[in-house]
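You will see two complexes here that share chain A, one where it goes with chain B and one where it goes with chain C.
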Partner chain A sequence: MIKKNPHILLILFTLILLTGSYLQAQQRFPKPEFDSGYLQPNPTQPEPRAMALEYFDVLVLLAVLSLASWLAIKKRSRRGLLWLSVFSLIYFGFYRDGCICSIGAIQNVALSIFDSGYAISITALLFFVLPLLFALFFGRVFCASACPLGAIQDLLVINPISIPSWIRKTLGFIPVLYLALSVLLAATGSDFIICRYDPFIGIFRMDGPALMIFLGITFLFLGMFYARPYCRIFCPYGVLLSWMSKFSRRHLTITPSECIKCKLCEGSCPFDAIEIPVEQSYRTPEVSRKNLKRFIIYIALIPVLTVAGGWIGSRSHIFMSRVHPDVYLAELMISNPELREDEENLDIQAFLESGDTFEQLVEEAAVIRGKFRKGSMAMGGFVGLALGITLMNQVVFRRREDYEPHKGDCFSCGRCMDYCPVEKNVNL
Partner chain B sequence: MMDKKDKSKDKAYNRRDFINNGVRLALGVSVVGTAAFTLQRSATGKDYVWQIDPFKCTQCGRCATDCVMAESASKCVHAYDLCGYCDLCGGYLKPGAKLETGAENQLCPTGAIQRRFIEEPYFEYIIDEELCIGCAKCVKGCSAFGNGSLHMQIRHDRCLNCNQCSIASVCPSDAISRVPASEPYKIKGEFIKEEES
Partner chain C sequence: MKKRSLTILVLVIVVIILGVIIVDFLGNRPDKRGENPYALEVDQYKEVDDELISHKETRNFSLGLMISTDMSLHEKKLYISGNSSLVVLPLDGSEATMHEILPGATCLEVDSQHIFIGFGTYVAKYSHDGELLQEWPDLGERTVLTNLAIKGDIIYAADAGNRRIVIFNREGEQTGQFEGKAESEAGHGFIVPSANFDLAVNSFGELWVVNPGKHALEDYSDDGRMRGFWESRSFDIDGFLGCCNPARITTMEDGSFVTSEKGLVRIKIYDQSGKLLSVVAPPDLFTGEDLKAPEVCADEDGVIYALDFKRDMVRVFEPIELAE
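Up next is the complex of A and B:
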């Protein structure tokens, strides 16, 4: 008998629930019929921003990118690029409140590839694709003039200091990690961390959480000395742009015709993206042999690093999956069952109210964790591979006779062009 | 036209050009391919805005605090169709009532709900959106004691349509989701509870 009691209670409880929902559909207080000829107003529904304007944004982006390419490569005008970046800062930054931007669009693309329930908007897709295609043909003109985040930092480059190459290269690897992490978290539907930790969006909106504003001001302050810190230490989109730009068809050049190796441009780049000539004499037999040895070692290291990265990634998937709110909630409820009674814990209370069973939640969390296992492994492998290739590139010897911008790192801002004393050869 | 030395130099550059062209082509194809793949996956390429499902909302109050804007874009709306025009409203704080530790603290803290007498014994309740902070206290009261005609909605004249809605990521009941921009509101009455699959 005692054993049966809970069942009876359960049935009673269900009955109460059923009648409850029946009553809810009925309305507790039926709508009155008015004699005084009262006209019932309707709740207002202000329309969202018109779609046509979103397409206009894409057109503006296209126009800015085209103009920037022309200014960087044909017109060779630093002033033009600067004013264009001011325009982008005002339009994409302050007027459009910094959303949508190409950097964040990475996540939309990742989510739409891995989640069939999510459809990417054409605007977001074009914001992702256009700058990459332009980088493939003309270098990172997006960074020079179209990116509001880049523009706000670029305007505040005051006293840039030169950073030793090894520090730059080490810090320059952080964006790869950030890219991998943001794609993983977006693809699993956990969070859009690029947007959440966008340092300047609070400034663009002139509003936002204190931490966001503080982060933005810190970056701007740091940027007075370490020029464009977000672009160089964090920007995940910069990784993709730099791959494209390395193989770009055309690219901004420091000199309009023939480099006379006058060294005047040497200190002009606040981002240390100018590569100085490498003398042929540097390539002595000993150096060559040493480099070849290191090259072979690094090549052999690439698969090792990839596998190691994948292993570390798959080992960390349990930890990573906790970013997803469902996994976090399921784990919390398993480890601290007493929290079910905690009225203050909104997440648990809301879950209990939702009517889903605990088993459903655990099952869902297990599915998400499975996604994380695959995803973390892939992302770890990707990071390992990128590390291997970066190492390999350190010993690849390239003969360079002129002062040239580093095609991957150069933001095409055009500062160096003003330092070049060589006249443009009109016959060209 | 060229002497021997230049030719060898030319050849070296050609090889590099060849590699560069090949990699460029591969990168271009992969970018365009990704775009085509995502586009085909999303078929229509609709645009989305954020909206609250009033039937999932548990009135936790995070809307008021977690929007990226200091004044939340999520506010209370009144679905007049469902209202009972009661004298005793679960959200309305009578002007002059003392705010003590009791039930008054569960009513609108900013006086954003105003009412107008219509006829005995009915009152019309109007929300002054300028004053509403999106705390959802009235929604809780109206759902618990009334018809549930007061409920939260994201107001699209205020919403910045962030790529990732920061309220959505903290919403404990997953009530906020992307909805097609062509149907940007889920006002109770017109919008009925979605059947659970």
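Up next is the complex of A and C:
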């Protein structure tokens, strides 16, 4: 039987590997058990997985991304994408406790670039890079079927509304700010805010701080009316995916061949990511002149906004650096020396017990503040540049004859494909 | 609901989410944190049923030693070691005497012939006049002697650093050692997370050693074979809690044990099988932070003497019927 089915051997081998990893992961000594009713505080991160399982996770991610690309572009199956996203929700969300995810991996990558003492694991790096590579070639198939955060929101889209474009675009700028801030804080070793404010981790782990649970429930409630609110208003990884996806050559299309402009798909996208055809006739000489004028102004504004952003960032570095616990602690101990005697202040007591001197702490804080000076300037410049490019894009005229998904905003969920009669005719 | 209302609802929720995140982000600072989520509240375990309390504090003796380390009771005299002095305190009220000893005393034990004092890594033998008779060989850098016990001509020394009991003869020759290990699951070996490792020989000549990591008292033969044990792990009054309790023990005439715990300080009496008999001193008699377990001694009348390290005094707890 094995000769006929060699893959059975492979399955058996994989099962043995998995079992072995679990056995290794068991604690050597059980924790003492007291009948006291005392509840152990929950750890903020799940226990580390065996290395073999981490590589297996990368393989699963690769398989899901490949399958999602095929389902979105070749097979054109909304149903397939939906079931694949359910699998990802269960596997990457509930089974793997939502960690490590590609979104949070931004911080690992940022820290590894700016801190030579931090080595990023190859699996974390692959979780960061693979979805971006797929977005570069096939669009945001990661959002469609591999992201557990997207999947849980997608399942609760009940009565999505389309909000005015200017509000949508204003809200859509929040992820850029969030990305810049999270990279700055990770690069300076201050905080991993993406993980701290991940709203769905608490749901995946069926446990978590009250704030996390509150955010999770609120986002899901909001998602009933404003589809995928986290993806559209907060997700910093979505910014990177959007940039990559804009260059994708083989992106999902609404119609498999020629669009008949029946408008059936127009309201099908709960994310307002369908761009309607723009007739050439719209481009009158008067409109063109007006747009050209605005385009020149916005082009000129880009360096101005970049420099202004950099200047504001640089000016705010003292305030920003207080996010780092060492800087805050040093300032606190300078301004309130009496707090050294406060036995209730765990941070100060922990520092005093560490054996480091106060002078060392102040020195360390000064070094960190120096990093913030450069980092805040870069962050401000980046935000200014992104704002300038966003403004410029508002006046760039792109001729469009078909109904097309917006490559940057489209999550490749495939809802629109089901509305296209062209495809239905082909299938018939 | 109309689209306009839903749009407003969406915006309001987004503002709430942003507000909550910003408030939490700015609020999570060393001087703005709430309660320590890892704090272990033990206040509820400080209350003890009055019916369990068998003793009453009747008097105390201030020592003036500044740093006291151990205490032993022999022939109605309390022997208390300080850093470099030994106080002999007669219980009949007569004047206390003080002898100069080597610096760094950590423990002592007294019998009719000698006074043995442990100095961290070695033991010294003194006469009852306070004369240094012999310094025994140093047991090595890792040694931390925490307590001594005497059985005839055998002197047992508890070495917390190496998690072992070292056996000497009266002349200071090391005749053996044991680590409490055995084939059975019970003989795990001594688990000693901190320098709290006590032992005692009772009136029947049995050697009992505390295994603090297991919250157990273990009975050993002269050559270190385990003969029996009992353990009691609980937050409630009938057991021991924390990493290293009972930190100190002594035995009474009938073979029962007086135990003394650190952290949540409690002095209790257990029978030979480990059943709680009574409470000598409940936790509310000991106040302050990072409290050490008082060293305890017991006389033939059931009076318990507790060396309170923080207050630098010996506190006397008499059985209630005797006190009244």
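Details
To be clear about the criterion, the second predicted complex is superposed on the first by the 374 of 428 C-alpha atoms of A that agree within 3 Å, B and C clash if a C-alpha of one lies under 4 Å from a C-alpha of the other, contacts with A are read in each partner's own complex, and residues count from 1 in each chain.
As a convention for this text, a residue touches a chain if its C-beta (ideal position, glycine included) is under 8 Å from a C-beta of that chain, and two chains touch if they have at least 3 such contacts.
Treat the numbers as computed from the prediction; the structure is a model and nothing was measured.
By the touch criterion defined above, A:Leu264 reaches neither chain B nor chain C. Contact with chain C, but none with chain B, is seen for A:Asn336 once the two complexes are overlaid on the shared chain.
With both structures placed on the common chain, the touch criterion links A:Ile302 to neither chain B nor chain C.
By the document's definition of touching, both partners, chain B and chain C, reach A:Leu346.
Contacts of A:Leu177 after superposition: neither chain B nor chain C is touched. In the superposition on chain A, contact is made by A:Phe214 with chain C only, not with chain B. In the superposition on chain A, A:Ile163 makes contact with chain C only, while chain B stays out of contact range.
Applying the stated contact rule after C-alpha superposition, one finds that A:Leu222 touches chain C and leaves chain B untouched.
One of chain B and chain C touches more residues of chain A, and that partner is B.
Touched by chain B in one complex and by chain C in the other are residues 32, 34-36, 38, 41, 325, 346-347 of chain A. On the side of chain C, the complex with chain A involves touching residues 3, 6-7, 9-11, 13-14, 16-18, 20-21, 24-25, 29-31, 33, 36-38, 40, 233-236, 241, 289. In the complex of the two chains, the chain A residues touching chain B come out as 24, 27-32, 34-36, 38, 40-43, 45-49, 51, 54, 97, 99-100, 104-105, 107-109, 112-113, 116, 118-125, 128-129, 132-133, 136, 191-192, 195-196, 201-202, 205, 207-209, 212, 243-244, 247-249, 325, 346-347, 349-351, 353-355. Residues 20, 23-24, 27-28, 31-32, 34-35, 37-39, 41-49, 56, 58, 60, 62, 68-70, 77-86, 118-119, 122, 124, 126, 145-148, 155-157, 159-164, 166, 169, 172-174, 178, 181, 184-185, 187, 196 of chain B are the ones that touch chain A when the two sit in their complex. Interface of chain A with chain C (complex): residues 32, 34-36, 38, 41, 159, 161-164, 167, 171, 174, 193, 197, 211, 214-215, 218-219, 221-222, 225-226, 229, 233, 323, 325, 328-329, 332, 336, 339, 343, 345-348.
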